[in-house]
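Sharing a structure, written as structure tokens. Questions coming.
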Amino acid sequence: MSDHHVYKKVEIVGSSRTSIEEAINNGLEECSKSIKNIEWFEVIETRGHVEGGKVGHYQVVMKVGFRIQSS
Amino acid sequence: MSDHHVYKKVEIVGSSRTSIEEAINNGLEECSKSIKNIEWFEVIETRGHVEGGKVGHYQVVMKVGFRIQSS
Amino acid sequence: MSDHHVYKKVEIVGSSRTSIEEAINNGLEECSKSIKNIEWFEVIETRGHVEGGKVGHYQVVMKVGFRIQSS
Amino acid sequence: MSDHHVYKKVEIVGSSRTSIEEAINNGLEECSKSIKNIEWFEVIETRGHVEGGKVGHYQVVMKVGFRIQSS
Amino acid sequence: MSDHHVYKKVEIVGSSRTSIEEAINNGLEECSKSIKNIEWFEVIETRGHVEGGKVGHYQVVMKVGFRIQSS
Amino acid sequence: MSDHHVYKKVEIVGSSRTSIEEAINNGLEECSKSIKNIEWFEVIETRGHVEGGKVGHYQVVMKVGFRIQSS
Amino acid sequence: MSDHHVYKKVEIVGSSRTSIEEAINNGLEECSKSIKNIEWFEVIETRGHVEGGKVGHYQVVMKVGFRIQSS
Amino acid sequence: MSDHHVYKKVEIVGSSRTSIEEAINNGLEECSKSIKNIEWFEVIETRGHVEGGKVGHYQVVMKVGFRIQSS
Amino acid sequence: MSDHHVYKKVEIVGSSRTSIEEAINNGLEECSKSIKNIEWFEVIETRGHVEGGKVGHYQVVMKVGFRIQSS
Amino acid sequence: MSDHHVYKKVEIVGSSRTSIEEAINNGLEECSKSIKNIEWFEVIETRGHVEGGKVGHYQVVMKVGFRIQSS
Amino acid sequence: MSDHHVYKKVEIVGSSRTSIEEAINNGLEECSKSIKNIEWFEVIETRGHVEGGKVGHYQVVMKVGFRIQSS
Amino acid sequence: MSDHHVYKKVEIVGSSRTSIEEAINNGLEECSKSIKNIEWFEVIETRGHVEGGKVGHYQVVMKVGFRIQSS
């Protein structure tokens, strides 16, 4: 067994009509459908669309880190 | 009719006693009183005042982008 | 009496299972146990742990500014 | 007469279906309809929309600097 | 049907002997062979090789964003 | 009466033959002719022209923040 | 045959108990199990865990660039 | 005796009604009341309050470095 | 018992005549004399003195993170 | 013969009335009059002068890398 | 005669016991002994040595730009 | 005799098949053949070539600072 790990990061954009936290969770949820072992996220950018002078969608750009499972 | 658009960005600071999301919406609401066609925002900085060891105001510095209406 | 102030900033990481706002407040609360005169905070980085494809903890790295009380 | 000048910078986004240079000129052209004395620009970001696997529009975010005419 | 989207960004380097615009399009063209729904690109870095005191290849490092198609 | 404020920032360049401080004040003075409620400035960049191996003009690029007066 | 290449970059984190160089090589080794034609790496961040007041693991975040083989 | 030194940096904000240089010195003076062996400073940010269209206070955010005295 | 932690980061500079890794460990060793619960470090800057055309000392500026023990 | 190379980078600004690509080539051409073995360039900043609401000159700030020929 | 110019930038550090402005001028003065046609400077970093709790030397890191005289 | 110094920085890239430290020393060694009074270096970027899934060459981009000897 190895005494070290290797991780990979991918960059995704989650969105939500409600909150920054939900945008993060929506992104993670979609991401976890195809990636196992997600361990952490880092917010890179917070932005959004505006509709009628109010936030339409929060968009959170984030890096998602996961352990690469070596056999 | 032109096949391209020109946008302008202004930098504003919205604030709220309650949440980061409300600070963003307060800034956009004030901004939309004088600016038409706001399409997006980008959070530049999140900060705030502290009162009695708790957040007094969240302050969100953001760029607000809108289409310039050419006649 | 002096006509100028000196401030110090320390860097802390607050965390919460619930929201970014609570992570900020948890960090400030702990910080205010040992530091008087906290006046503002600046969010440096927002990140977190992921458990089961959802956010486990929000972690907010922030600078906390306070006035140095000279006698 | 003053021996110094004051300048202002505004941030705009020019776009073009053809080239980065045309996107810059489209932005400046629109900008010069309402602003006198534009002297320089600084490209902040180059990006664009993709349509059918090719660039649809180049979008150039730039700061545009102009002299403030004091009377 | 969901009311929010999730996007992914990948980082690629396109190159061209002729122009920055062609380097961008070459990168997008190659990218679109394996990725559906590409919506935007962001230029991260512009560089190149020099041959005989002239540009040999323009190299454009860019992020390419696409919608993740959830079923 | 609202319990929160909205601020706007504009980017200006002040200049002076004498000092960085005077360049800042020259910029603020010009700026305050058209803007009410200026509250703070942030220096973004310090540069200048050189004449005969000495500084000809100090140029200070700064953001100037002011409260938006809502009625 | 094309006269230009397209490259992709992925972001990985290699680790080692011994040295920064070994952390880089551990990351590359794992990465090269699934990626052909790796040509270069760029260190983005160097960090690590601390155990008993000494470095437990060096962690090197890096971008790894490889040529996309078009057929 | 060791052949190497360890230094610590703290972040402070000095202010002055008069000049940037005095703001730096005011910060260092206060800082040196509690810290021995200060060796250098690095300016991180220069900003200030505006009163009546002129600089009220210059505020200089700086890192202050000092040698840790090991016994 | 709380379900969240608060961390603090301090910025130190470790040095060594031999290697970057030893500079990191020298910094952590000194730091751990006065700080309990150090958990991680982040390298901010690598630099050094040159003596006779060779590295005299490696100097590693790093942030050191530790858990604040609340009672 | 050595198994490693040393490179140097210089920072130049090329300009052109026509295009960004020509500004790069103009800078490289001038640069190659006095420097041998130029191998690559990196664009640092793209900016320009504006004349009559259109680009007068494109100015491209770039780093130019070349191999140092050791004897 | 060419309709475009090429400029070069060098990075120098000027210092002074008195002020930031004098440090800039000291750097430019030394620089202009060997370089003709200096046209502008850009401050990159302001720092200094501390002696006895006060500024010993201001050190200003700056880029100095000059026109390359082609024959 | 002057009470202040002026320094210059040049940017070089050292490389090594073995380690980051050797890459730094190789760069300094070459650099010191033509430059006197080198006093410090600052690592700007660490990267390298990959051969067969392992590091082929470490490449360290660094700024090298030296005192300008005025007569």
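For clarity, chains are labelled A, B, C, D, E, F, G, H, I, J, K and L in written order, and residue numbers in each chain start from 1.
Going forward, a contact is a pair of C-beta atoms (placed from the backbone, for glycine too) under 8 Å apart; a residue touches a chain by one contact, two chains touch by 3 or more.
Just so it is clear, the model here is predicted, and its values are computed rather than measured.
Asks: Listed by label, which chains are in contact with subunit D and with subunit H?
Replies: Touches both subunit D and subunit H: F.
Asks: Equivalent interface to H-K, which of E-G, D-F or E-J, with over half of contact pairs matching by residue number?
Replies: Selected from E-G, D-F or E-J as the counterpart of H-K: E-J.
Asks: State, to the nearest whole Å, the distance from the C-alpha centre of subunit J to the C-alpha centre of subunit L.
Replies: 21
Asks: Would you kindly tell me how far, in whole Å, the mean C-alpha position of subunit C lies from that of subunit A?
Replies: Computed value for the inter-centroid distance: 23 Å.
Asks: Would you mind pulling out the distance in Å between where the CA atoms of subunit C average out and where those of subunit D do?
Replies: Chain centres of subunit C and subunit D, defined by C-alpha means, are spaced 38 Å apart.
Asks: Can you tell me which residues of subunit L touch two or more of the remaining chains?
Replies: Touching at least two other chains: 10-11, 20, 31.
Asks: Touching pairs of chains, which are they?
Replies: A-B, A-C, A-E, A-G, B-C, B-D, B-F, C-H, C-I, D-E, D-F, D-J, E-G, E-J, F-H, F-K, G-I, G-L, H-I, H-K, I-L, J-K, J-L, K-L
Asks: Which bits of subunit B are touching subunit C when the two form their complex?
Replies: 19-20, 45-50, 53-55, 58
Asks: Quick check on the complex: what are the subunit H residues that touch subunit K?
Replies: 20-21, 24-25, 28-29, 31-32, 38-43, 64
Asks: Okay, in this complex, where on subunit C does subunit I touch?
Replies: Subunit C reaches subunit I through residues 10-17, 23, 26-27, 30-31, 33, 57, 61.
Asks: List the residues on subunit J that touch subunit L in their complex, please.
Replies: Touch residues, subunit J against subunit L: 3-11, 63, 65, 68, 70.
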